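Both complexes shown next keep chain A, but they swap its partner, so chain B is in the first and chain C is in the second.
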Partner chain A sequence: MNLTRLALRNIAGNSFRSWVVILCAMLVAGLALATTLVIRGAENSLNLAINRLGADIIVVPEGSETKVEGALLMSTPANVWMPDSVVAKIANVPGVGVVSPQLYLSSMENSPCCSVSNMFLVAYDPTTDFTVEPWLKQKIGSGLNLGESVGGTYVFVPEGEQAIKLYGYYLTLKANIEPTGTGLDQSLFMTFDTASDMARISKTMAVESLIIPENSISAALVRVSPGVNIHDVAVEIFREVPGVLPIESLNMFQAYRQQMNGLLRSNLIILTITWALSVLLIGLVFSMAANERRRELGVLRAMGATRVFVLRSLLMEAGILAVGGGGIGLILTGLVILLFRNLIVQSLGLPFLLPSIPSLITQAAGGLGLAILSVTLAALIPAYRISHTEPAVAMRE
Partner chain B sequence: MIQLDNIHRTYILNKDSVVEAVKGVNLIIENGDYIIITGRSGSGKTTLLNLTAGLTRPTSGRVILDGVDLWTLSDRQQSRLRSQKLGFIFQFPSLLPTLNVLENVVLPVIFNDKSDRMAAFERANELLKLVGLESKKDSYPRQLSAGQQQRVVISRALMNQPEILLADEPTSDLDERTEHEIVELISKIHCEKGITIVMVTHTTKLASYGTKAIEMVEGMIKNSSV
Partner chain C sequence: MKYIGILIIVLALVIGILPQFTDCQSQGRAITTADGKTVPMKCHWTAVAELILAVPLAAIGGMLFFSKRRETRLALSGLGALIGVFVVLIPTTLIGVCASNMMLCNNLMMPTLVLTGILVVAAGLVNGFLAYRSNETMA
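Right after this comes the complex of A and B.
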């Protein structure tokens, strides 16, 4: 017989209190993990998407920034166009190092090639591109030729097929890029020539033609010259090139960041309310349990248990219940997020990338820590009070 | 030896209600004594027993156990003293409901750092044999009668080989036959093991079992006889 065994027996012997505490610990740990996981997942995803774009400034048609961000982050179709003459104008702006135009297209609904309903198609100019080509050269040793493509992590060649069929056009999938948790995961990258070829073929081979307005582009990616202030260049582009909006990469996805902050705020409010109610409920349940066990604890004191022993014994029960409940909460939350990730992403309208294992362990430890702290804090006052009651008083009816 | 030196214990129930449960009691409990404390309900006998064991702090006066003033000791020292020198039998069911009989008997060992924990279960079995409940060692308190539970409590009280056994109305909830058996058992322990016994009872007929009888009236010792 020892303290731990005594605590375990008391836990088993007081099932009402045990289940209430386990449930509260589950809620606190689960909510804490869900909040950090979703918010950090979205944040990681945004940062990764910015890094993957590899541009200092992205220039889009004025008024279309939300559409472009939606396409890049959530793969929502973006039909935005501006004259390709802006590329030369941007290139002439002092401080601009490289400019590379891109076309943002979308696949037909429920395309058979993909595990997702809508696919975002990005066409780039291989002669000026500084985002896809360097990656491709590093990955497969060469750039893309006519009819070739590189896909996001969720893009695959349908079973039994040799290539991806889009608008009646067959595209060879050369490689897949690592997951980002954003719309890039369901994007297909190809050169301007391939996109033009696809548009040409689609007129005769597809139910619905792919239309690329002549002499038009969707966006221009800008890399500034070394040592030049990005913000100054963006301001200069805005001033010199009419009809466009330069977005600095660090300021990209502002609408999503605001949405994320809103979600974080509401989650924190829910977490705080849940936490406060749980602490109150656990405190109440522990007070009731300690009161019910007054005599028993008085008897222990009479037999030679010190105040510290009684306090430790009650806090150990609280700790065991917190670890048990918190652990279950973490496992359930992890499973729900893992299994229903796509549904959560869709309903929240935010990108999401599962964190790395060390980050996941840290977040889970944080959730468990919060559960243990909450339960211990709630149990502390009743445990302290009963442990400091005179044994004779504790044993009295 | 325990010496109670001009002990007072006052309970303040509320602003207008103060109860003087024990008033200026002087008492010496010698090693080997078997003291029966009798008195009506509210006469202060249980408070006197609790004061003797250090379970409640006197409002004034001293409790000296083997030359040490109990209330000059820290909680840890007091607790150690209780676990090593005192054994308790309470009038209410005091077994832990989540532990079985054997575990209940062994329980005091975890508070006694001088105890040999390896030999504890062997000793617990011997004590259960002494009270005739060896066969019930795996039962839980709820599966025992009130008399059987009280026998287990006696075994538990003897677990750390105490010098003094303090019994607070140990037979109050028992029928006459069981009461007799329990008191006989306590007397046997006194005779065979030489343990000092202080027993509180409201039944004057049990006074004959002791070597000393004390009658409490309104918080004071009215009669003391050897």
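Right after this comes the complex of A and C.
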């Protein structure tokens, strides 16, 4: 009988003990994967949102930074305004390359066009824009004209319709942006002219009219000149333009990053406690098993099996249980996160994007590695002790 | 193998009960037609269909718990797995749920049904495999 068969027979011989070890391995591997998936998913989502914005600095009205970040990241309604004259003032700040104003308009509740209940409307100036227009020109070969829009991944034209109807205004959806896991997925981008036209039409055609305050903007996106320090430019904007707050792109979403760090800390504490308890429990189970099987292992030694063979058979048993339990834990955790990701996003208040397949495989391998390490470590001491007991002593006891 | 019967009964209870409290009807939401009448959203019909599937599934779980004949266990496992497939298909393709991912039917009811459906299929297949390999033929 070879080592694997012996280990499998032992596993089948004591199903209660095997299930305890499998459950512990499931917990350790599943929790490890869940922690890395959620935290890395939120981190990726934040970074992707910053890249998609494409600005070095975003200038918002003073005191509204959390609202703007919430709107961009979680699509929460934000009505923030500052005079459009700040655009010229920002453009005059040394080191500023391009400034492009944006309007953040009231989101729609339960709009029929979207698979999401809140939709965030962003209007941009096509003459200065450096975020949406270059992407559009690359994707569809041209920018947006009057009445045209581009949507996040959750925005679609309702079944049987030709256009999206918003505030009584018909918008053609030209393209969809790839998912980011953030509020951008449920955003609709249009030009300033389209937004003004929509506001005009809404006065007569919509139940609730779209209000855009005169000569106002919500934010200004800034790209600094090549070779200029972004932080220095942000400080200059803060000093020279009153009533606004420049946020460097790397410092964006600080509130969410803090929330994420808090979540990571709690998850790591839970994982550490679970890991320690699991190792203790598995160690206890293997000690009991080793004691129960003293005579059997003594006979095995008396028949010529070496100490190393006995040790390896016990560790092989632990390894098989760890791989089986860890594998089940990883599959279940992956399924739960995949299926319940919307609920997780809402409950945690964090954006989330599923990782790429290679990244997922790496994280799963990490979880499985931790499960194997934990079970093997827990089984090592009892396995070593029993394998080093003299056969005669083992059989007599 | 009796444990798999118990697991299937528990899953059937989840499949039958949870949708009754997470569909839009239970949350007080309904479609209002032009003449002012209210019509249940499609997630409600998914909840009804799941309840209809849960009853035979629970019965299969019970029979698996008591049955010892290899052929009976094989047949019950296959039938259970088939019901599991429909548990998944009803909220995803056959009837569906509401489109908004902010609604409870979309972000809780559907994923729970898909997960429990997959577990039912897995339990059926594992039980079928164990029954296939077993030598028990006594009633």
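In the analysis below, the second predicted complex is superposed on the first by the 397 of 397 C-alpha atoms of A that agree within 3 Å, B and C clash if a C-alpha of one lies under 4 Å from a C-alpha of the other, contacts with A are read in each partner's own complex, and residues count from 1 in each chain.
As a working rule, a residue touches a chain if its C-beta (ideal position, glycine included) is under 8 Å from a C-beta of that chain, and two chains touch if they have at least 3 such contacts.
Please read these numbers as outputs of a predicted model, since none were measured by experiment.
Enquirer: Clash or fit: chain B and chain C on chain A?
Expert: fit
Enquirer: Applying the document's definition of touching, compare chain B and chain C: which contacts more of chain A?
Expert: Higher number of touched chain A residues: B.
Enquirer: Touch check for A:Ala12: first (chain B), second (chain C), both, or neither?
Expert: Once the two structures are laid over each other on A, A:Ala12 reaches chain B alone.
Enquirer: Just chain B (first), just chain C (second), both, or neither: which does A:Tyr154 touch?
Expert: In the superposition, A:Tyr154 touches chain C alone.
Enquirer: Should A:Phe340 be classified as contacting the first partner (chain B), the second (chain C), both, or neither?
Expert: second
Enquirer: Looking at A:Ala365, would you say it contacts chain B, chain C, both, or neither? Reply first, second, both or neither.
Expert: Neither chain B nor chain C is touched by A:Ala365.
Enquirer: Once both structures sit on chain A, report the angle chain B, chain A, chain C from C-alpha centres, rounded to the nearest 10 degrees.
Expert: Vertex chain A, arms to chain B and chain C: 70 degrees.
Enquirer: Check the residue A:Ala302 against both partner chains and state whether it touches chain B (first), chain C (second), both, or neither.
Expert: In the superposition, A:Ala302 contacts chain B only.
Enquirer: Would you check which partner chain A:Val393 touches, where first means chain B only, second means chain C only, and both and neither mean what they say?
Expert: A:Val393 contacts chain B only, not chain C.
Enquirer: Touching A:Leu280 in the superposition: chain B (first), chain C (second), both, neither?
Expert: In the superposed model, A:Leu280 contacts neither chain B nor chain C.
Enquirer: What does the superposition give for the shortest Cα distance from chain B to chain C, in Å?
Expert: It comes out at 12 Å between the closest C-alpha atoms.
Enquirer: For chain A, which residues are in contact with chain C within the complex?
Expert: Spelled out, the residues of chain A in touch with chain C are 110, 114-118, 154, 335-336, 339-340, 342-343, 346.
Enquirer: Where on chain B does chain A make contact in their complex?
Expert: It is residues 47, 50, 53, 55-57, 75-76, 79-80, 82-84, 86, 88, 90, 92, 94, 96-99, 103, 106-112, 156, 160 of chain B that touch chain A.
Enquirer: So in the complex, the part of chain C that touches chain A is made up of which residues?
Expert: That would be residues 99-103, 106-108, 110-112, 114-115, 118 of chain C.
Enquirer: Spell out the residues on chain A that touch chain B in their complex, using ranges where they run on.
Expert: 1-3, 6, 9-10, 12-13, 295-296, 298-309, 390-393, 395
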